[in-house]
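Order as written gives the chain letters A, B, C and D; numbering starts at 1 within each chain.
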Amino acid sequence: MARFVLRRLLQSAVVLLGVTLVVFLLLQLVPGDPVRVALGTRFDQETYDALRERSGLDRPLLAQYLSYVGHALTGDLGVSFRSGQPVTTIVLERLPATLSLAVTAVLLALLVAVPLGIVSAVRSGSLVDHAARVFSQFGVSVPDFWMGIMAILLFAGVLGWLPPSGYVALTEDPARWASHVILPAAAVGLVTASILTRFIRSSVLEVLAEDYVRTAEAKGLRGRVVVLRHVLRNALIPVVTVVAVQVASLIGGVIVIEVLFAWPGIGRLTYDAVQARDYPVLQGAVLFVASLFLLVNLLVDILYARLDPRITLR
Amino acid sequence: MTREVLAIEELTVTLGTRRGAARAVAGVDWSVAAGQTFALVGESGSGKSMSVLAATGLAPRTARVTGRVRLLGEELTAVSPQRRRRLRGRHVGFVFQDPMTSLNPVLTVGRQVAEGCEEHLGMTRRQARDRAVELLDLVGIPSPAQRVDAYPHQFSGGMRQRAVIAMALACEPDLLIADEPTTALDVTTQAQIVELVADLQRRLGTAVVWITHDLGVVAGVADTVAVMYGGRIVEQGPVDAVFAAPGHPYTRALLAARPDPAHAGGDLPAIDGSPPNPLDLPAGCAFWPRCPVRGDARCADELPPLTEVAPGHRVRTFYPAREAR
Amino acid sequence: MTGGDATTGGVRPGATTPHQPTGAAVPGPPAGAAESVAELDDLRVWFPARGGPPVRAVDGVSLTVRRGETLGLVGESGSGKSTTGLALLRLVDPTGGTIRVAGEDVTGWSRRRLRALRRRVAMVFQDPQASLDPRLTVGASIAEPLIVHGLVDSAPARRRRVAELLDLVGLRAELAGRHPHELSGGQRQRVGIARALAGEPDLIVLDEPIASLDLSVQAQIMNLLRRLQRELTLTYLFIAHDLAAVEHMSDRVAVMYLGRIVETGTPAQLYREPAHPYTAALLSAIPVADPAVERHRRRIILGGDVPSPADPPSGCRFRTRCPQARPDCAEQDPVPVEVGPGHLAACRYVGEAVPAMRADPPVPRPAEPGPHPAGT
Amino acid sequence: MSRREPGGTPARVQPAPDTGAEPVGPGGGDGGLRRALAALWRDPPAVAGTVVLLLLVVVGVAGSWLAPAGVNDVDVDRMLQPPSGEHPFGTDELGRDVLSRVLVAARVSLQVGLVSVGIALAVGVTVGLLAGYYRGWADAVLMRAMDVLFAFPVLLLAVAIVAVLGPGLLTAMVAIGVVYTPIFARVTRAGVLSVREQVFVRAAISIGASDLRIMRRHVLPNIAAPLIVQTSLSLAFAILSEAALSFLGLGVQPPAPAWGRMLYDGRGFVTDAWWLGFFPGAAIFLTVLAFNLVGDALRDVLDPRQLTVSEARRSTS
């Protein structure tokens, strides 16, 4: 077990280094002088020199990279070209909004997907199964931002039940937060729910075909016991991975929905950074999200090893 | 006369497959009594496992099962699925071919042995665990009090099969169904398992249905034997009679096809062709296309009846007298 | 210690040639066929294991396959018999020892030269379904060695040769256009044999060629293999766990246990007078298809499981399961002892152990069920 | 009383007879593809998907001829008109015919999808093949590189690449291609690893076949099935990604029409002019659905056990 964790840690560290390299190179790929491009019409020599020095763009490439990684390790992701604020602060400010949206979306998705996936596998070929398959096919094919637009049209426009966009912090006013989060979370959660439903269905089906399920049935156990004790315990182990990974990728991935619903999360931050050519913020947000993703993956793999007794052997 | 434990009459199993209906088992009758071992022999696809699984309600969902099955005098086909499930768990134990896959990898061995006792004997978890330790000891697993909490992957193949046997015996069943229990094991481990089952049977008086393709194992374990081919029983009788005077050309061919030290050197009397496809069975005798005797056109079109050639020894052929040795 | 002493039970080249099998029913190899096709000397194949000592699949095996004979290699799973066969084609890399094929030391041959080796030595695999590429026609599979080794130039000549090979293994030529899934198991194994014959090899390694076939088909394949051997003067290394089949097929037999050869001899010697306790136990474990015999026979039931090949017992590897093990068995690797002409067994107490085992029922171990009393 | 997949179980409970004159399993045999197509034809959703895709190709090729009006025919007198006989999908805020724009935009979507998936397929399969076949350090280096790309959420990476390289059709195709490369590398590598362990590959090695021959003759044909499935599903994801990029203004630049961009431009008007939001979105949905239906059906026929964690990771948005 310790060896396994160590190996995974090492692997993640290598990948993380690669991620910093990619993120670092992003800035180098900008045609021309990024600071100049960023300043655009707001150009004045003093600001320009200050930014250029602060971002270390006048030094050799390797030195720049090393100092970038060095600073990143201490939590320093540079300063915004636009506001001059530390990037780390900006990203962390946006985290609660994104996190609350992602978690709500995944919770909604689980609420739908777990029962639906299990029932559609156990009653494979039944009406529920067919409905579940239509639902998941619909969910993975529909663009979430289109769902969002249609939802705004219906619930904010026609019915007027919910606000079309905007954000209130959960800590500030939970009720208003909820009224704002429900549409974007549903739009995102629909896709997640579809993916999870399919995954759970196929995972359960796979386990149902295992010999040990027949053994359990041969023992004369009740159907419920067979499903709960023998099937789900095996089938849901991989699902844990997928759920965690979904949360992680939603944190960085809901750009379009955040833009559509004016949700001030990391996705929206990225979008604004792109619009403003604020490259340090873009870099910082991307690096932050990728690191988070790696961390979640690492934790999930370790959790997986804890859940499946066979893995401890390796 | 000893007590009849399981009796099957006119059992037919049809499987719906992607390629059409396959008649896996067609009109099979047999029974097994307490303390006795009944062996079902046949090649792959002969219907030997399917007949037993279907009789006990473990056939796949696509299977259509007809016929009568009596377990301890109770008509299984007439009771509710719940009752059938309870009867099965309480009175029948199963050992399957691959001990690797027939244990759940994420539950401890002890838990899997114990859960039958909780379900059917109303034991508490604590009692069931103690019982599991006893059972593991009974099947010869060393230091059972520790091994009870181990996971299946921590056991060797032979130990796993012992654990499966312990699981099958948990409720002291009247019937043990062993479906190719030694096929996946090495020959020295097979000998251990064969001995173990024989010993337990003697001590517990269990009836055993042993499904196998290995005639050597049959000779060692069985009291009576049925040879299956193409979903039907082609020969059935006391093990001595069947081995000493096999009446069906298929049985004879099977026995002759095994290499025998006495006839080393020469060619083996092989059977041409391959076992039949359950999707496409001949109208008459399924063995006819490969039969060395071949009989006449009647064999191709008409199903030969099971004919008694000696007390309790029946052969499905038109030519019992001429063919019996 | 791993050097010369480890030739446990191996048939040392010098020691074997003078003696021809003498078993009455066993046809010896053709006269003047003492030439060896393949020799293994102290072969070791260890596989690295993550986070542990290497798995010693083969650990000091020496044997010789003579031209025109069938050498049977028996053992249970994990004995290293298949790995030994793979080593002859260099399909696994030897950790130590030498492999000689047709007089040439191929142990260190480069990947380029291996192509030539793999023409001289061909292989038939256990599962004919798995060993044929499902996407290739039967003809294409059989033709592959012809193409790889540049044996036949034109496509029509290749087709003729494929038809010839199919005919040789008893299949109709039109099967060349079929795919493996359209064939029966027996037919597929015939295709596997045809492919092995394509390059006219000096030696064919038969790795459990009948194990996954139905009983009625096994006999067909054994007959075919024997007929081909007679007609084409082939040399076989017949690897199997089925002792009856090995006895039927082989001129000589080597028994493996945990990476070592424990006994070698003719089938007649081994089966009638096994000299190694493991061979005796193995033989007694095989059920005989005769209820009368089975009922009165006394079995030697071995205790426990085969130890891990990553951590084999010291001294005699069989001692942990041997009913006749004595304390000093742990001390030294037993050296193969000649107990008859060409009959070698690696046991310190050869001549005592087996008769003792047969006389006394084995002592029941706490871990084991009691022995089956004779004549129940 | 037992709940198992039909079809699979009989073979498990009772070994399937090997005499069958018919194929044994899915994906086996060269007749596999032909049989797969036949099976697809019997699957109504797959047929529907195929029909939609064919229509789409026609529209993609001939969109500008089919369009009743020019895509940039601005008509200030007819702004934001609801669907009518003259403008079946209505008009937008500049009075342009929405139907014409939707039709013409099909080409962009298809083009981006095909080119980007083409890039991902070519690079990913090469990487996966080398990594899986040679293992060792090549595997470690290549797959760690793929892991790096995999660590970024799809759209985030695409946005970052486009932001840096400058928005446009070409950069969108490259960005989406890069983003979907690792999945092909992984699918290929997993396939190669499992095929490599097959006895028939060992048999090919045993007769002295070269690495190149084994990869070409034995490995690639046997991993074609999962790759075909992955290609079809990736096309769906790539088109969604392109729509998202366009929605963010990072795809094809105006005035050229793109479905995502039309949604973005129309989003301010949705409460008044629902058709601006509805039709372009429906076009994306139908296209993606069609690819998904075909991909799923292909998977059912060719490769029934392929719903992997990695696919689930590749969600868009």
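Convention: a contact is a pair of C-beta atoms (placed from the backbone, for glycine too) under 8 Å apart; a residue touches a chain by one contact, two chains touch by 3 or more.
Keep in mind that what you see is a predicted model, and the values were worked out from it rather than measured.
Distance from the centre of chain B peaks at A, each centre being the average of the chain's Cα atoms.
Counting C-beta pairs in contact, the pair that comes out ahead of the other among A-D and A-B is A-D.
Chain B and chain D have Cα centroids separated by 49 Å. Computed from the mean C-alpha positions, the centre of chain A lies at a distance of 56 Å from the centre of chain C. If each chain is reduced to the centroid of its CA atoms, chain A and chain D end up 21 Å from each other. Centroid to centroid, with C-alpha atoms defining each point, chain A and chain B lie 53 Å apart. Taken residue by residue, chain A touches two or more other chains at 211, 214, 217, whereas all remaining positions touch fewer. Residue positions of chain B with contacts to 2 or more other chains are 44, 58, 85, 274-275.
Counting only residues that touch two or more partner chains, chain D has 1-4, 6, 9, 13, 18-22. Interface of chain A with chain D (complex): residues 11, 14-16, 18-19, 21-22, 26-27, 29-31, 122-125, 137-138, 140-146, 149-150, 152-153, 156-157, 164, 188, 191-192, 195-196, 198-199, 202, 205-206, 208-209, 211, 214, 217, 223, 238, 241-242, 245-246, 249-257, 259-260, 267, 270-271, 273-274, 277, 279, 282, 285-286, 289-290, 293-294. Interface residues of chain D, counted against chain A in their complex, comprise 1-6, 8-9, 12-13, 45, 144-145, 147-149, 151-157, 159-166, 236, 240, 243-244, 247-248, 250, 260, 263, 266-267, 270-271, 274, 277-278, 281-282, 284-285, 288-289, 292-293, 296, 305, 307, 309, 312-313, 315-317.
Within the complex, the chain D residues that touch chain C are 18-25, 27-32, 198-200, 202-210, 213, 217-218, 221-222. Within the complex formed with chain A, the residues of chain B that make contact are 56, 58, 85-90, 92, 94, 96, 98, 101-107, 115-116, 119-120, 151, 153, 164, 167, 170.
Note for the complex: chain C touches chain B at residues 25-27, 76-77, 184-187, 214-220, 222-223, 226-227, 241, 243-245, 247-249, 267, 271, 281-282, 284-294, 299, 301-302, 305-306, 366-372, 376.
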